[in-house]
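Questions regarding the structure given below will be posed in turn.
Letters are used for the chains, namely A, B and C, taken in the order the chains are written, and counting of residues starts over at 1 for each.
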Amino acid sequence: MQLLGHLATIVIDGVSYAAWLFIISVGLTLVFGVLRILNIAHGGMYAVGAYLAAYAIGAAAANGFGAGAQLLFAATLAVACGAGLGILIEWTVLRRLYRYPEVLVLFATYAVFLIFEDATKLLWGGQSRYANAPRDALGQIRLGELIYPVYDLAMVLVAILLAVAVSLTLSSTRIGRCVTAVVFDREMSASMGINVNRIMTGTFLVGAALGTLAGALTAPKIAISSGIGVDVIVLAFAVTVIGGLGSIGGAMAGAVIVGMARAVTAHLFPQIELFAVYAAMAVVLAVRPQGLFARPEARKI
Amino acid sequence: MTLRKPDTTIVVLLLLAIGASIGAWWIPGWIRFISQMAISAALASLGAMVLLRAGLLSFGQGLFYFAGAYTAALSYKYLGLNEAVLLILFSIAISGGVAAAIGFFISNYRGIFFAMLTLAISMLVYGIAVKVSLFGGSDGLNIGLISILGFRYRGPDLQLAMFLICIWTAGLMAMVAHLFLRSRLGKVIEAIEDNEVRLEYLGTSVRSSIHAAYVLAGALGGAGGVLAALSARHVDPGFAYWTTAGDFVFIVILSGQASVLSPFFGAFALEVLRTFAAANFPDAWQMVLGTIMLLIVLFVPKGLGHIFIALGARWKARGRTVVPAAMNEETARP
Amino acid sequence: MTPVLECVDIKKSFGGVLATQGIDLSISEREIVGIIGANGAGKTTLLNIVSGYLTPSAGRVLFRGADITGTPPRVLAKRGIARSFQIPQLFVRSTARENMMLALALLCEPRSALLRPFGDRDLEARADIVLKSYGLTGHADSVVGNLPQGVRKLLDIAMATCAEPKLLLLDEPTSGVSSEEKHDLMKGLAKRFAADAMTVLFIEHDMEIVREYASRVIALYDGRVIADGMANAVFADPEVKRLILGTRDGSAGHA
């Protein structure tokens, strides 16, 4: 019986962690799919989102708003700023680099990430910030023998909603189908009259906004300090790479694998918990060198 | 075979090594130490550069930096090996061996998968090193007194001798790398990024070629690691952390990949940059680094070394020979 | 005499779709065989299988009597099977001369020579000779990425033929070459085939070229051989007329 309870804990932990992983990876996945760029600056967007949320939640709470309003305010602010920053980065940096080798573009986004790191530090200071009011307000729920924060479980719902929203947008709106076409074949889409540049700018904007949103949603769960972006970027990379780069389904599968690996090791082998992510990535790539959902390659010769 | 012009890069390497050896007596100790760390980093970066020539971005050079350093520290501690030259040779061999083993697996991967997998392996090793007490845990290990070619120097003499050992190890390893890169296999490595299909149709195994380059990268990383270990007399798991490897790649981006001399230039530039930023912008070091990186990628995507190439070409055009030609392998054919 | 190339009931399917459904053919020494067929007939798939790039789902490939089914291109290249590509496969960041030098160094010399310097005068001179014989001397120092498509095509063929292969596979050698130059190119190639006693299999959309230079023609339709014989006989075949010559669009498209 105790074993069963233990197992339930691991599964619930794994699912809630997987949900969070999906939330932080979905923007990265989208950007990679369309722009073919592994965007390290995504970690910076996440950190900015977390700081903005801390500010927004604090301000809303000071004016007597409840948890729902606090979160809404935080999310709105984060998405708006993320979109703005996304456009700024795309216009000033990425647009000049689309024809360069991917290594250089990777480094450009790394450079942006480094700049963001210090910028957040200079803007918001070195000490940790907390925004746990809404999470506390939502309280805890009893699942059998387990007591779990409602907020963390709500994240699972948010992740599912995000996945559905993104998939539906891609499959059944006009713009979404254009995006899908660009993912499939950039040149062909251009020749069919799709404005590929607009799609790329738009996708990066959305990706950036999803990055800040992920930070904002995470803010109530963590101590917000400089350096939170680094861990996130490695995790999001692992999820995206395991999934096979660039498909929403792949990101979901990657999130579940990493989430479960983390939960299992955290409970059973805590001393290797931190490296479960890397081990999971190494194992998946050893079995499937192109990740789980590799896109079929176009004919070369 | 007709008499060929001596290879410019090798001549420059020799001149630099001889110059540094003679100058060693007048160079202040702290500059010598910084130089040793820069040279160590440069060697590991050179390994990253060899792989980058094949279009492979490695975030795992730190693994070999770690392997080289820890081979030395562990041999010192557990085998009682305290001869610097032996430690260096042993560490390079072990790192190359580790790379040879991993190479069977990693040579299947390209692009972002290669980058992430090298990162993952390196981080796994970091994780093990932090936990295992044999490796000294997160504190790492110290290296006590060592002899150099049988001589037991002490104090300033030891530092001087260590500097010379560093210079010549680095010089020799750079020459090996240069001979590799200018060989036909080196050209194959470059061609991999362009067209693997054609290479296979020319009777070459792309995988074996990558494997060979990976072993060289491992040996170079190990050489850098053991030199860093012997210079600082201390090793810690941070050697395998991905930011260490990130530094190495940054060095190559900074300097470009035109010649084996490039990473040396890049490593010293990074060291100067770091000192400058620490003095002037102690709170915004990453921002300075990021800004410079961004400017380079946007405006000198071939790296700062490319400026030397452009200058060299201009000098060549005026009908004179000049030293920067060493950076200039690509454009100046013998 | 053993044929140079023999294909026995070769089948290849891509995700359930059959690209070739049982191809049988046999090619003797010094034959120059033209393969014709509409897009999607399985022509390039056949070359990919013969050269080892693809392993057939069923069937066997024999090269001078030896079973080479599924042997990778890098091994077959050393044994004397060379190929050119419909879309030139070149090292675009290197010069034309460097491309040729690499081809010569890799195809003609043992593995032990790999560590010798690339910038070798002797190698350069040999590369220049090959480039000259294809009229590419003027482009020797140009970076391939900057060369026009027609020149790339020629360089691609030159790299395939430089080591005097026993069996040469050409994938649409004249596509992308201007119509005036097509015949010059083929004339030059034919001379070389005869001089080096090569056996050649080439895919071609230009029927005039096929008629003139092929000693034998094989017509593929829907992954099957529908005619095989002398050019005149194949072109006169009613099925070929209906299925290939009739529906052929003049442009050299994708196979």
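Definition applied: a contact is a pair of C-beta atoms (placed from the backbone, for glycine too) under 8 Å apart; a residue touches a chain by one contact, two chains touch by 3 or more.
These figures come from a predicted structure and were not determined experimentally.
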| item | value |
| --- | --- |
| Chain occupying the middle, per Cα centroid | B |
| Most distant chain from chain A by Cα centroid | C |
| Centroid distance [mean C-alpha coordinates] between chain C and chain B, Å | 43 |
| For chain A paired with chain C, centre-to-centre distance based on mean C-alpha positions, whole Å | 48 |
| For chain A paired with chain B, centre-to-centre distance based on mean C-alpha positions, whole Å | 34 |
| Set of chain B residues in contact with two or more other chains | 197 |
| Where chain C touches two or more other chains, by residue | 53, 85, 89 |
| Residues of chain A touching at least two other chains | 301 |
| Touch list for chain B against partner chain C, complex | 1-2, 4, 179-180, 182-188, 190-191, 193-195, 197-205, 333-334 |
| In the complex, chain B residues that touch chain A | 52, 55, 57, 105, 108-109, 111-113, 115-117, 119-121, 123-124, 126-127, 131, 197, 242, 246, 249-250, 253, 283-287, 289-291, 293-294, 297-298, 301 |
| Complex interface listing, chain C residues touching chain B | 51, 53, 72-75, 77-78, 82-83, 85, 89-94, 98, 101-103, 105-107, 113-119, 121-122, 159-160 |
| Parts of chain A lying in touch with chain B, wherever the complex brings them together | 38, 93, 96-97, 100-104, 106-108, 110-115, 117-119, 121-122, 234, 237-238, 241, 245, 271-272, 274-275, 278-279, 281-282, 285-286, 289-291, 300-301 |
